[in-house]
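A, B, C and D label the chains in the order they appear, each numbered from 1.
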Amino acid sequence: MTALLFLLLAPLFSGSVKWLKARLTHRQGASPLLEYRNLAKLLSKAWVRPGLSTPVFLLGPTLALLGALAAALFLPLLPGLSFAGDFLVALYLLNLGRFFQMLAALDTGSAFGAQGSYREGLVTILAEPGTLMALGAAALAGEGLGLAGLPVLGPENALVLLLVLASLAVALLAEGARMPVDDPTTHLELTMVHEAQLLDHGGPLLALYELAASVKMLFYAGLMALLLPGPKVLVFMGVVLAWALALGYLETFGVKLRYLRLPDFLSYNTLFGVLALLGAIWKL
Amino acid sequence: MEVVNTLVLAVLATGFLMVSRRSLDAVIRLYALQNVLLALVSFGLAKGELHFVLAGLALFVLKGVAIPWYLFWLLDRLEVSHEVEGYLSVSFSLLLAGLLIALAFRVGAVFVLPEAPLPQGVPVALSLVLLGMLSMVSRKKAISQVLGFLALENGVFLLALSESHGLPLFVELGVALDAFAAVFLAGVLIFRIKGEMGHVDTARMRALRG
Amino acid sequence: MLYGLLLLPLLVFLGRRDKGALVRLSVLLPILSALLAPLLLGQMAGPFRLDGVGLFYLMLTDLLFALIALFARGYFSEEEAWRFYWAGGLFLGAAHGAYLAHNLGVLWIFVEGSTLASALLVYHKGGARALEATWKYLMLGSVGIALGLIGVILVYALLSGATLDWREARALVGSANPEGLKLAFALLLVGFGTKVGLFPLQAWLPDAHAEAPGPASALLSGTLLNVAFYALLRYTALMQAAGLFPFASGLLLAFGLLSLLAAGFFLYGQKEYKRLLAYSSMEHMGLAVFALGLGLPWLALFHTLAHSLAKTLAFLGASGILALSHAKEVGRVGGLFRSLPALGVPFVLALAALGGLPPFPLFFAEFKAVEAAMRYPLLAAWYLVGLGLAFAGLLGPMTQMGFGPGRPWKAQGLDLWALWLLLAVLFLLGVRPPVEVFQALEVVLWTR
Amino acid sequence: MSEGVMVSALALVGASLVGLRAWGSGGYALLLGLGGATLVQAGGGMWYGDGSAAGVFLHLLGLLTMALASYVPEYLGHHPKEAPVYAFLVPLFLLAMVGVAQAPPGLPFLFFWEGMALLGYLLVALEGPKAQAGARAFFLASRLSGAGLYLAFLGQGHLGPDWIWAGLLVGFGVKAALFPFHLWLPRAHPVAISPVSALLSGAMTKLGLYGLFQAQTWFGPPPVWVGFALVLLGLFGAVYALVRGLAEEDLKGALAYSSVENLGLMLAALGGYFLTGKVLFLGAFFLHQVGHALFKGLLFLGSGALSERQVSRLGGLWHRMPLLGGLVLLGMAVGAGLPPGAVFAAEWLLYQGFLFAPGLLPLGVGALALVGALALYFYVRLFGLAFLGAPRGNVALHLGPGMRFGLLVLAVILVGLSLFPQEFLRPLGQGLYPSWALWVLLALAFGLYRWLDPRPSRSYGTWDCGFQPLTPRMQPNALGFSEPALRLFPFLRLKVGERPELDEPLERVYQGVGEGFGWATRLVQALQSGSLHFYLLLQLLTLVVVMGVVLL
């Protein structure tokens, strides 16, 4: 159920961020709803099959989207599948998508795709441990190691959960390939992470990738919503709104970090994760 | 008994002198003399026992005559200098020899068994063994090493005499035969060494190592 | 009859200098003697008597000798063969004497005799290196054996000059002065230890083994070392009968362990494969002495058996390699396992057997030794360290010679099946160690 | 010993004898297959009967054997000269492993253990001069392991449990590539021929795990520090091995490092089990073993089809042999710990085990996540550079029907295990996530793929920025791809340049030990100075010392 919601919401989310960024730079900006039409157009177009490509080329976008959607399936914002340890499966489903996305980028034999591929891998190495530790901490603080049993922010667990939220925020930026980790609007191949992997994917494949990127961000937003008090769906909407605003501002007024400086930024994620986990262990 | 004691001391003296002489001829002669003296000791201890007499005779014939003669013959044929060459100077070897003899006399008491017929012989025998080893360790010529070994062997023989009236005769004879065979073999080898390498200096035989 | 057995090996001189006759005699006589010997078990004649332990070593020596003599026919040319077979006959006679002797003095004589005979084996046909090795062997061996003689004399004196017969001595030794016995044993250990090749008395061993012609090395390692070890065994049994085993044990363990560790260091980086095998002999004699020191004579017997077989195999393999390649260095021989399996496979496996690997009997022997040594865990630990070092030393040459780069050779005129026969025997012994046989032999030595 | 194991042992002996004469014949394959099948059956019976660890091992060994039965005869066609020896030794090696898994501790166990070492050494060394160093490392490590076991097995009653377990940790840890004793593995495994690599990595290393697990029934529960050591060294070793593997240019070498990583996780699982007694850890421990054996067997056997193993000289292999590409992709995806693979299921259990564990153990989650991310990078690199993109050089490929069938056997079983991991975990009573959901996902993916593929598309060259055309050399090479990640880990220094150099401090430590030993040996060897006088002096001194000892 959540997955469907995300699928529907994803274009709106990315559209809104784009619109907001345009407004912030005093441009008119396209309607946030344009993104739906855009997707529909892309889906109906033909796609380019690079000469060297193999079936892996198609598996990339397919599994990137489906992995993200399946991960969303486990978010108990709306009724769905839930069991102990589901957050692990969810994160690894994102990894599944990422694996094939990275391979698809290598599949074309392009130097840029490969660059994007290993950069993506690097970001994962930097971001993943912190995120998993943070989620583990949240799960420990709750009951039953499942997403359904996650605790909500309150005075007794404020420290742990705030750290978890901080970590998830960093993870969202890393996963969604947003500033300051990556710049989604850049068109200089040498600086790209996410987009470099998509260079040769066009038409429906590009549409799938775009959707997947938005769904992933929504997934993290959903995770954050689970930790906040209030009716889940409403809180989620609030979080998404907040993220749209935040991203708009961040990407208008912020700058992309130098690629070599990424570890500095993402190590905060690890730090938050470790601290959160320690907090959860010692019940602070 | 007095006579035997004197003889034993004379044996020690020959052993000491063997370390001190620089001439191989003198050392061989001293060795022959030592064997004669030992044979006499053997006769002295005999007290009519035939086996002592026989052992003494074997000693006299084999070591007192045959081996020295063989060594002289060897020395002649080898055409090398008759000088003893060693790592140590004569004075220093004498000093060491003195120390070793002192050690043998100091420790010798421990070796003396309760029923030893000739307790005085034990430290002398030990001295001979140690002096023989000293010669072998410090002398370079192959032939002088053989002489050192022979002196050592004599020490062992004297020990056998002093501790236990010697070994059973057949053992004694076997031992003597072995010693003779060893010396004979050594002689042959010395010849070959001279022929192969042009010298008989064992200190220069260091091809095998590691 | 015992005298006949004693003199049997000397019949080889009937072959004069004819290689064919010498080979036939050298193979058949020991086999005949090995067949005859069991019938004479327990018989006495003069200072000679054949008991179980003597019989065991006698038969082992005979059979190995026959095999080596057979293998040697492909190694030596027509002209030089007689030197080997004559010296071999002398050596075998001396070994027979040592194993038949029941008198400690006679035992000494024959051990010395075996030294002299084996010096001839080492010398063979000369050359500067062989001469040097022979000379050193003769000197060190003679001095060592002379020191041993002092020990014999002391034992004799301690028994009040009553007897040198081993069995009688064992009965009497209990009343002898223990301090004197300790002294005597120390001298005997240093004396015979020189011939066994215990560290730091081993100096002659690698030289002699490396410079002797291949089959002679096999004889030295597989049979000669046992002769001296056998003497040590007899004296240790005397000490045990005198109730002085704890003392003897300390010395034996120390020498055994020291030899093992030293061999471990010597083996590493050894450039000549025959020297390597010689150091491995030193290692294994150390191990056998160690087993004796643990109070397990049966294990020591078993260890020497296993070592003799494995080392004979290795040396025969090495002499085969030498005959084909004319290269003594490890680095100049390679890939035998692949290019010449008939020779390479048994050789590599012999090295593995010497490294104490199953399915070969030294594995079992070393296991039992560690098991017994565990009473003093530190001892066991050092033992394991020593085994590890020794193995590390063997491993490099084994890999290079078995699998490394090298020219392929064709095996011609060598009786390589002898290697496979030894390998099969080793395998059988390793899979089913006849422990009960050796424990039965132990009764001959050890008083309860 | 059960009858099934007996039958399989007989079949293996038969196979080895037949192999010596007729390795290419159907009889050889049949006997080997029979041995494998009976092992699978007997091992499965033991595992599903009473949850025996030996059962798991025999089971996985049987599975590998079945694949080898079809793979080996054809593969040995490349090694016509050594083929009989390989064909003779491989079944014996299998037999030794069966023996280890069946023998009680003590002499029989060590007999098979050391025998396995000897056979393994021969199998590795047989590959020729290039394999020498690897073979030596293998044998040396095996003997070290043997020494540890001597200490442990024989020390009973003489040594305290701490020492016993230290011995076991060294003894079995070396075999299971416990950090820092793992260096031998990536040297030995890749240099052997592929079926042997598969056996070494897939099966033999598991015996170290089996031994450590079984030791608690032999020697009682381990001291606490053992569990901690296993967890810490296991996790650290897993990270270390992956990072080191990223700097490996040899395909099989990288696979060997991946083995170290997987074994590290299994060791950590075992450590967790020792510390907490939780079945979660046990489930991870056993499931990972089987999963790893299957996927690593698949990958090693797959790499046997290539004539070239340097990743930087491969590329575009998929086009030449899509079947091989697909199977290797399957293996690598499972190996990267992706759902719904069996390895993922094991890691999933491990994560939860750590989260549920007391003390600071939950921090292990971070290490696991790092391993997961690194493994992703690791396998993307291997598969992407070797099988995708443009070919970088000429590579001969050989994959006949027999080899293909062997690969398919492993792949099918791997898929089966990934489909129904719960079934495997039944004896432990350990539940799992609803794996059907993941299969629905994959079905959807398949559907989406089938929808996309026939959609209108046009072929076109890869985007080249509009400058000069792309050449294969513009693709990153094996080290270039991993260089950014390597920069993150200070324990490994990669100097890039014309000739990249790798500086691994751990290796330097080992080298230092070796050099120190060499120095000591030269010192001792100086005693054999060649001087007879010195020898005689030594003799004299020995006499004096011994007399002194006696008299004092």
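The criterion applied here is as follows: contacts are C-beta pairs under 8 Å (C-beta built on N, C-alpha and C of every residue); 3 or more make two chains touch, one makes a residue touch a chain.
From a predicted model like this one, the values you see are computed outputs, not experimental measurements.
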Report summary line: Sorting chain pairs by contact number gives first A-D
Query raised in the report: Among the chains, which has its CA centre at the largest distance from chain D's?
Result: B
Report summary line: Cα centre of chain A to Cα centre of chain D, whole Å, reads 35
**Report entry** Length of the line joining the C-alpha centres of chain A and chain B, rounded to whole Å
**Finding:** 98
**Report entry** CA centroid of chain C to CA centroid of chain D, Å
**Finding:** 42
Report summary line: Per the C-alpha centroid definition, the whole-Å distance linking chain A and chain C comes out as 76
Query raised in the report: chain D: which residues touch two or more other chains?
Result: 525, 528, 532, 536, 539, 547, 551
Report summary line: Residue numbers in chain A touching two or more further chains are none
Query raised in the report: What are the residue numbers in chain C that touch two or more other chains?
Result: 135-136, 139, 143, 147, 183, 206
Query - Listing of all chain pairs that touch each other, if any do - result: A-D, B-C, B-D, C-D
Query - Residue ranges of chain C touching chain B (in the complex, touch as defined) - result: 47, 103, 105-106, 108-109, 112-113, 116, 119-120, 123, 126-129, 131-136, 138-139, 142-143, 146-147, 149-150, 152-154, 156-158, 160-161, 164, 177, 179-180, 183, 206-207, 210-211, 270-271, 275
Query - Residues of chain D that touch chain C when the two form their complex - result: 81-82, 85, 107, 110-112, 114-115, 117-118, 122, 125-129, 131-132, 135-136, 139-140, 143-144, 147, 150-151, 154-155, 157-159, 163, 517-518, 520-525, 527-528, 532, 535-536, 538-539, 541-543, 546-547, 549-551
Report summary line: Residue positions on chain B within touch of chain C in the complex are 110-111, 113-116, 129, 133, 136, 142, 145, 149, 152-153, 156, 159-160, 163-165, 167-168, 170-171, 174-175, 177-178, 181-182, 185-186, 189, 192-193, 196-197, 202, 205, 207-208, 210
Report summary line: Interface with chain A, chain D side, in the complex: residues 315-316, 318-319, 322, 325, 329, 333, 336-339, 344, 348, 351-352, 355-356, 359-360, 362-363, 365-370, 372-374, 376-377, 379-381, 383-385, 387-390, 433-434, 437-438, 441, 444-445, 448-449, 452-453, 455-465, 470, 472, 474-476, 481-482, 484-485, 488
Report summary line: Note: in the complex, chain C contacts chain D through residues 135-136, 139-140, 143-144, 147, 182-183, 186-187, 189-190, 194, 200-201, 203-204, 206, 251, 262, 265-266, 268-269, 334-335, 337-338, 341, 348, 352, 355-359, 363-364, 367, 370-371, 374-375, 377, 380-381, 384-385, 387-389, 391-392, 395-396, 399-400, 402-405
